[in-house]
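Several structures are given next for inspection.
Both complexes shown next keep chain A, but they swap its partner, so chain B is in the first and chain C is in the second.
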Partner chain A sequence: MSRKSLWIIVALLGLLSLLPLVGGAYALRIGTFASMYAILAVSWNVIGGMAGYPSFATAAFFGLGAYAGGIMLAGGASLAVATVATGLMTFVAAFIFGVILLRLKGHYFAIGSLAVAEVLRELTNAATELTGGGMGLNIPMSSVVKSVVGEAQFFFYIMWALLIVTLIVVIGIERSKLGFGLRCICQNESAADMIGVNSTLYKSLAFGFSGVFVAMAGVIYAGWVHYIEPPDVYDILYSVKPIVMALLGGLGSTLGAVMGAFLFLAIEEFVWRNLLDLHTGVLGLLIVVLLLFLPKGLVSFGSSWLGKRLVWRNGVPRD
Partner chain B sequence: MAVAGSANDLSGEMGCLVTELLKLNSLSRRFGGLQALENVSLSIGAGEVVGLIGPNGAGKTTLVNVITGVHTATGGHVSYRGKDITRYKPYETARIGLARTFQIVQPFPDLTVLDNVTAAALFSSSGSSIHQAQEFAREQLEFVGLSAQVNSPAASLTLAMRKRLELAKTLAMRPKLLFLDEVNAGLNSAEVEQAMSLIKKIAATGTTIVLIEHLIKVVVTVCSRIVVLHNGQLISQGDPRHVVNDPKVIEAYLGKRYSQAAKDHIKNAEVSLD
Partner chain C sequence: MLALQVLTNGLVLGCLYACIAAGFSLVWGVLNVINIMHGGFIVAGSYVAWLSYSRMGIDPWFTLFFVAPLFFGIGYLIQRGILNRVIAAPVLVTLTLTFGMDLILNNGMLIAFSADYRKLLLSPPLETLLLAGIVVPVDRLLAMVLALSLTLALYLILRHSRVGRAIIAVRMDRDASLLMGVDIKKIYSVAFGFGAAMAGCAGVLLALIFPISPLSAGAYLGKAFVVCVLGGLGSVPGAILGGLFLGVTESVGAVVFGPEHSVTLSFSLLIVFLILRPQGILGKKGYE
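Right after this comes the complex of A and B.
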C-alpha cells in the first residue's frame, strides 16, 4: 500500500468520525453502516482479493458473530468481553472451516463457502433453547448509555473503532510475509507450493482473518439493533455486498474496499430512498455500469479512460 | 567431469566416494489404469549432473512430481540424505533443498521479476526477512542475467527470459538438488547455448542437478550420467555415450523395427550423438 493510499484512508476515516457533530440519528445510522460495510469489505478482501478465493462466507461469520455475541450480551457479558471472545472463537472456527473448504478452488469454493451460512442458519434455527430459533433473540439495552441518541453515538464510535482495528491488522497482513504469500497463492498456487509456501496454512489464516472482524461487527450490530433473527443476520446479501464493494473499489486493494463500501452505501441509500419499487434493479444496473467503465475499480480512477475524460480533460493526465 | 561414486554406480568409472543425496527405492505411481512409474530405483550422489531422458509420456515429469511431493507415490520410497521424504508435501520438499523448474514456466505473472525471485528466497528458508530475501534475489537475477528486468512484471518477459526467471527462482531457494524440467524446450539455438552455459555455471557451484531434456546433444555435453525412462520403467543408465547406443534405448525411441537399422548405422558411423 502506498503512502498516498494510506493518507486517503486516514482522511476518509477522519471525515467519518466528524459525522455525529453535524448529523442526527439518521446520519449516525448511515455512519455506523458505513463502518460496518467497510469492515465487511476489507475483511473479504483478505481471502477474496489477496488470496484470490471468492468467499461467500461473510454472512456465515456475521451471523455467527451476531448470535454468539448476542447470547453473551443477553447473558450479561459486557460488549468488550463479548466482542473479543466472539472474535477469537470465530477466528478458530474460520481457520478450521478454511482447512476443509480451501481444498476447493474457484466456483466450487464459492459454492462450498455459500453453504456454510446456510448450515449455520439452520443450526441456529434448530437450537431453539440457546438462540430462540425462529423467534429471534432479544438483546437488552446496554447499561452504559441511557438516551437513544447517546446510544446511537456510542455504537457509531464502537463500529468506527473496529473499522480502524480491522484496517491496522489488514494493512499489517498486506505488508507481512503472510500477505506476500497470499499474493503468490493468488497468482499461481502450485508455483507457490513449489517455492515453499505452506498454502494450506496461509489460506486458512487468511480465511480466519476474513472472519474475525466480520464476527466482531456482528456482535456490535446485535448490541446496536437489540433484536436479531436468523434470516436477518445470515442474510445472503451480507455475503454478496462485500464482494460488490471490493469490486467497485478495486479488487485486492484495501483502500479500494473502503472506498467501495462507502460508495456502495451511498448508491444504495440514494436509490432506495428515491426508487422504492425498483431499487434492487436500479442498484444492480448502476453497479454493472460502474464495473463496465471502471473495471479495475475506484482506485484506478486516475488512470482510467473515464477518469481522464472527467478530471484531466484540459490538461495532461498525471502518470 | 564429476563422477558419481555411489556403490551401485553403473558408469564403471571410479571416482572419489561421494555421499548419496537422493535414493529412490522401487518408486511407483499409478493414475487409475495407467502405471506412470513402475519400480524405479535410482541413486543420485551429491554434486552429480544426471540427465533424465525418455520418449514423451515416459514418466519423467511424473518422477519429478513424485519426488517433490506434487503427487504421492503409490509404492516405494524416496529418501533424501538418508531421511524418508516419501510423504512430504511440495512446500516441505522445497524447504529442505529440493527445487524444480516447470516444463511450462510458472511465474507469478503480475508480480515483478524481483518479487518473483524474492518470494522464492523468502518462503524456501525460514528466518530471512523480506529485505534480506530481496538482496539475495537481486544476486540471483544478476547471475542469470535479468538485472535489467527486475521491475518489469513477469508476464512481460519473453519465453527465454521466463525460463531464466524460473532458474533464478530455483537458485534463490538455495537448492541442494535441482530438477530442471526441459529448460531448453521452445528456445532457439542461440538461447539454448546461453541456457547451457548457465547450467554449467550452476553445476560448477556444486549443486546437484537432474536435467530432463530432449536434446541429446545437451545431455551428453553436460551430464556425467544418463538415466533412461520408458513406459514408467528405468531401462538404462550409465555413461552418456554408452547409454545413447544402448539397443533398449534406441528401441524405446524408434521402435523395434528401426532399432536394428540404427544398430547397423552405428556400427558403420562411429558414435553418432544427434
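Right after this comes the complex of A and C.
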C-alpha cells in the first residue's frame, strides 16, 4: 500500500466521522451501513484478494457473530464484552475451519465455504431453545443510551471505530511477513511452499482474520437492529456483496475495498429508494456489467483498458 | 415395511436429484463454470409447465418437448453472448457472474409470478398405487421414470453423437481437442445449452410434485452441488449414483434425525466428501 492510498483512506474515514454533525437519523443509518460494508469488504479481501481463495464464508461469520453476540447481549453481557468474546471465538472457529477447508481449491473451496453458511443457518434454525429458531431473537435496547438519536449515534461511532481497528490490522497484515506470504500463495502456492512459506498456517490465519471483524460487525449489527433471524443474518448476499465491492474497487487492494464498499452502498441505496421491486435485478445487472466491462474495477477507467485486462488475467493486480 | 417405504421415497427423490444434477455436472465438468443460474432455470421450467397446463391445458408430459429446445436455445445464447467472454478468467469471476445473472432471473420471476407458491394440480388427479404395502403416487412414479430417461438420454447423446464426443473430448483435454479441430467456443455453448435444457426439463417434472416458487431456486441449486460432489464431476453415471445416494440418505435421515435437519445432513455430507474424496464416488483422481 502506497502512502497516497493511506492518506485517501484517512481522509475518507475523517469525512465519515463528521456525518453525525450534518445529517439526521437517515444519514446515521447510511453511515453505519457504510462502515459495516467496508469492514466486510476489507475482511474478505484478506482471504479473497491477498491469498486468492474465493471465499463465500462471509455470511457464515456474520451470522455466527450476530447470533453469538446477540445471545450474549440478550443474556445481559455488555456490548464490549460480547463483541470481544465473539471476535475471539470466531477467530478460533475460522482458523479451525480454515485448516480443514483451505485444503480445497477453486470451485471446491467456494462451495465448501458456502456450505458452512448453509449448515450454520440450519443449525441456528433448529436450536430453538437457544436462538429462538425461525421466530428470531430479540435483543434488548442497550442501557448506555436512552434516546433514539443517541443510540443511532452510539452505534454509528462503534461501527466506525471497528472499521478503523479493522483497517489498522489489515494494513498491518498487508505490510507484514504474513501479507507477503499470502501474496506468494496467491501467485503460486506450490512455489511458496517450496521456499518455506508455511502455507497451511498462513492461509488459516488469513481465514481467521477474514472472519474476526465480520463477526464483530455482526454483534454490533445485532445490538443495533435489536432483532435478528436466520434468513436475515445468514443471507447469502452477505457473502456476495463484499466480493462485488472488492471487485468494484479493484481486487487485492484495501483502499479499493473501502471505496468499493462506499460506492456499492451508494448504488444500493439509490436502487432501493427508486426501484424497490427491481433491486436484486439491478444488483445482478451491476455485477454482470462490472465483470464484463470493468474487470479491474474502477481502476479500469484509467489508461489502456485492454492492457490492464490482460494483465489482470494472469495474476491479481496490486496497488 | 417402514424401511421399504423410506427406501422407495428415497429412490424416487434420488432419480429427480440425478436429473437436476446431470446438467449442472456437465457444465461444471466441461466448462469449469459453476452455473449458479441452474436453480433459477429449474424454477423457470416449472413455471412454463404450470403456465402451459393452467392456461392452455397442455399436459406436462408434452411440455417437455418444447421446454427442452427452448431452454437449450436460451442456454446456448447465454454462453455464446456472455460467458464465453470470461471463460478463461479465474473461478471468482465466472462464479460471481452467474450469480449476478441468477439475481436478474430471480427478480424477473418474482415480478412476473410473485413469491406465492403455485401448484400444478392435474385434473383428474392420478391415483396412488399400493404395492405390497408401499404407497407410490403415480405422478411421482411417472416423474421418476421420465427423470431417469432424460438423464439416460443425455448419457447416450454424450456417448454416441458427434457433438457428444466433442464435448467429452473438450472435457478431457481442451488444448488437444482444439488442435484436432474442435470449435471450443461452440462446444462450450452446446454444453451449456444441454445443461439449461436438463434444468428446464427437471423443472417440468418437479412441478408435478413440489409447489413452485422463485424461492426454491436456492434449494435446487444446493441439491445439484451436493449430488455433483458425491457422484463425481462431469459424469452422468456419477450424477445418477450421487442423486440416488443423496435421495436415500435424505429420506433415511428424515426418519432418524427429523426432516428439519435434511439440509444440515446433506451439506455436512458435502463437506465431508469435499475433504475426504473430492473426486466423488465415481470420479478419477486428478482428472480435471
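One rule holds in what follows: the second predicted complex is superposed on the first by the 290 of 319 C-alpha atoms of A that agree within 3 Å, B and C clash if a C-alpha of one lies under 4 Å from a C-alpha of the other, contacts with A are read in each partner's own complex, and residues count from 1 in each chain.
Everything below uses one rule, namely that contacts are C-beta pairs under 8 Å (C-beta built on N, C-alpha and C of every residue); 3 or more make two chains touch, one makes a residue touch a chain.
Keep in mind the model is a prediction, meaning the values are calculated, not measured.
K.L.:
Label the relationship between chain B and chain C on chain A in the superposed model as either fit or clash.
P.N.:
When both complexes are placed onto chain A, chain B and chain C end up side by side without any clash.
K.L.:
Between chain B (first) and chain C (second), which, if any, makes contact with A:Ile100: first, second, both or neither?
P.N.:
Second partner only, chain C.
K.L.:
Quick one: is A:Ile195 in contact with chain B, with chain C, with both, or with neither? Answer first, second, both or neither.
P.N.:
The answer is first: A:Ile195 touches chain B but not chain C.
K.L.:
For A:Pro20, select first, second, both or neither according to whether it touches chain B, chain C, the two together, or no partner.
P.N.:
Neither chain B nor chain C is touched by A:Pro20.
K.L.:
Considering only the touch criterion stated at the top, classify A:Gly136 as touching first (chain B), second (chain C), both, or neither.
P.N.:
Neither partner.
K.L.:
Should A:Cys184 be classified as contacting the first partner (chain B), the second (chain C), both, or neither?
P.N.:
After superposition on chain A, A:Cys184 lies in contact with chain B alone.
K.L.:
Report, please, how wide the angle is at the C-alpha centre of chain A between chain B and chain C, in steps of 10 degrees.
P.N.:
80
K.L.:
In the overlay, work out which of chain B or chain C sits against more residues of chain A.
P.N.:
When the residues of chain A touched by each partner are counted, C comes out ahead.
K.L.:
Regarding the shared-chain residue A:Val116, is it in contact with chain B (first), chain C (second), both, or neither?
P.N.:
In the superposition, A:Val116 touches chain C alone.
K.L.:
Once both structures are overlaid on their shared chain, how near does any Cα of chain B get to a Cα of chain C? Whole angstrom is fine.
P.N.:
Least C-alpha distance after superposition: 10 Å.
K.L.:
Would you pull the chain B residues touching chain A in the complex into a rising list?
P.N.:
Contact set of chain B toward chain A: 68, 70, 89-91, 94-95, 99-100, 102, 106-111, 115, 119-120, 122-125, 130, 169, 173.
K.L.:
Quick one: in the complex, what on chain C touches chain A?
P.N.:
Residues of chain C touching chain A: 28, 32, 34, 82, 85-86, 88-93, 95-97, 99-108, 110-111, 218, 222, 225, 229, 260-261, 263-264, 267-268, 270-271, 274-275, 278.
K.L.:
For chain A, which residues count as touching chain C in their complex?
P.N.:
Interface residues on chain A, with respect to chain C: 48, 52, 54, 100-101, 103-104, 106-108, 110-112, 114-116, 118-119, 122-123, 125-126, 236, 240, 243-244, 247, 277-281, 283-288, 291-292, 295, 313.
K.L.:
Mind pulling up the chain A residues that touch chain B in the complex?
P.N.:
Checking each residue of chain A against chain B gives 177, 180-181, 183-184, 187-188, 190-199.
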